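Letters A, B, C and D name the chains as they come in the text, with residue numbers starting at 1 for each one.
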Amino acid sequence: MITVLFFARLREALDCRELRLDYAGDVAGLRGELARQKGEVWGEILGDDNIICAINQAVATDSAVVKAGDEVAFFPPVTGG
Amino acid sequence: MITVLFFARLREALDCRELRLDYAGDVAGLRGELARQKGEVWGEILGDDNIICAINQAVATDSAVVKAGDEVAFFPPVTGG
Amino acid sequence: MQISVRVQHEDFNVADESRRLSSTASGAIVQFIGVMRERNDGDQVALMELEHYPGMTESSIRRIIDTAGQRWTLQGVTVIHRVGEIRPGEQIVLVAVAAAHRGEAFAACEFVMDYLKCEAPFWKKERLADGSSRWVDSRESDTQARQRWSQPEPNG
Amino acid sequence: MQISVRVQHEDFNVADESRRLSSTASGAIVQFIGVMRERNDGDQVALMELEHYPGMTESSIRRIIDTAGQRWTLQGVTVIHRVGEIRPGEQIVLVAVAAAHRGEAFAACEFVMDYLKCEAPFWKKERLADGSSRWVDSRESDTQARQRWSQPEPNG
């Protein structure tokens, strides 16, 4: 099982703050798996080039590997400060 | 009459905070006049290249003109902040 | 190097934070204080909601401070970032840096702020005077401000 | 531009000064706080006496602020410099700048501080732990810091 978190604009668009699923593979594959399970809207939203992915709270690329127990987060560009 | 002020290290070395005298001419001449009236030690101390002169609270060069009513100040390089 | 990172709802007092940083060793303290503006992109903003990613926020700020500490000789860095509801005129963020020399304190403070703007997972949502809400977009100028630091420095 | 210049014996509170500067218009405040160090040139300093040239001090600081105001778009500048007796760990000087953009606030704050160090008529005298006194010498590094600002800027 992995935990997937969504923040800010993305959390609102998907109407989802957190979900858990069985997945092992890379980040690009996780996007595809989420689109398959949750529908095409998710695929479109998560496919946006601007979306940042973090694995265990460190920014990760599309080819980074996700394994059981990981915390994966998707979020838009940050705007703090 | 002009007023002449001395600050910091200079005030201590000359043991003088303020004096008044009749003078008209440039700053270099004022240094000479003070040395003539007060002695050679004043001439040496005021002849130091580092000493800054201000006329009416604005930094002035050796050739700047001093006239009656002016406030002239001599002081070492500043060290505030 | 004395490091303090806080993400909190409450406001902060910059005099207290300056005092906490000013051990008798350090001569220079530089503080950046971000204050919420009343207007943004031409609109009157009534309220701002600041969301963040607990855990990653703190670790990303610590990473930025560590990088600054490797680049300059610093005695202390404090970063406080508020989350939750913030109103115009209120303080949002503090970056405070103590160092023996002011040039280093200035540079490190600006560096931490520039990186925080681009790397720390905070998101601002504005509520306008008419009741509508919008997420604030990231700025190209912030990315540029950060990129400056990876270029060779002009004169040391 | 809101300008405040104060030369005073009393200590100051940087939170009060920040609040005073942060109208709802300005987004960024940068503060430089100079704190008295316990050691200088390898010696333990017990006390510092700060002398100044009343009248010229204020006008020279105002001139520096005016120059900064022509160079950057600023909303307010506060300079407070203490005189008289100051002890290790105490605050000596505050330069606080408010602007819409943080880059301008950082640059203007450092500019004012660099010029103040070289042009405002203040003089420090240290009393050491052994009871002896000495005037602090001006530093070549402060002259160099000021000269930076008269060179063309590297990248705007």
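The rule we apply is simple: contacts are C-beta pairs under 8 Å (C-beta built on N, C-alpha and C of every residue); 3 or more make two chains touch, one makes a residue touch a chain.
In this text, all values refer to a predicted model and were calculated from it rather than measured experimentally.
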Quiz prompt | Partner chains shared by subunit A and subunit C (touch criterion as defined above) | solution = none
Practice problem: Starting from the mean Cα coordinates of subunit A and subunit D, work out the distance between those two points in Å. | Solution: 48
Quiz item: Which integer distance in Å separates the CA centroid of subunit C from that of subunit D?
Solution: 22
Self-check item: CA centroid of subunit A to CA centroid of subunit B, Å
Solution: 74
Exercise. Send over the residues of subunit A in touch with two or more other chains.
Key: none
Quiz item: On subunit D, where are the residues touching two or more other chains?
Solution: 34, 113
Quiz prompt | Contact pairs between chains, per stated definition | solution = A-C, B-D, C-D
Quiz item: Which positions of subunit D touch subunit B when the two form their complex?
Solution: 34, 50-53, 55-56, 59-60, 81, 92-93, 113, 116-125, 135-139, 142
Self-check item: Complex contact set, residues of subunit C against subunit D
Solution: 13-16, 18, 22-39, 88-89, 91, 100, 102-103, 105-106, 109-110, 113, 145, 148, 151, 154-155
Quiz item: For subunit B, which residues are in contact with subunit D within the complex?
Solution: 5, 7-9, 54, 57-58, 73, 75-81
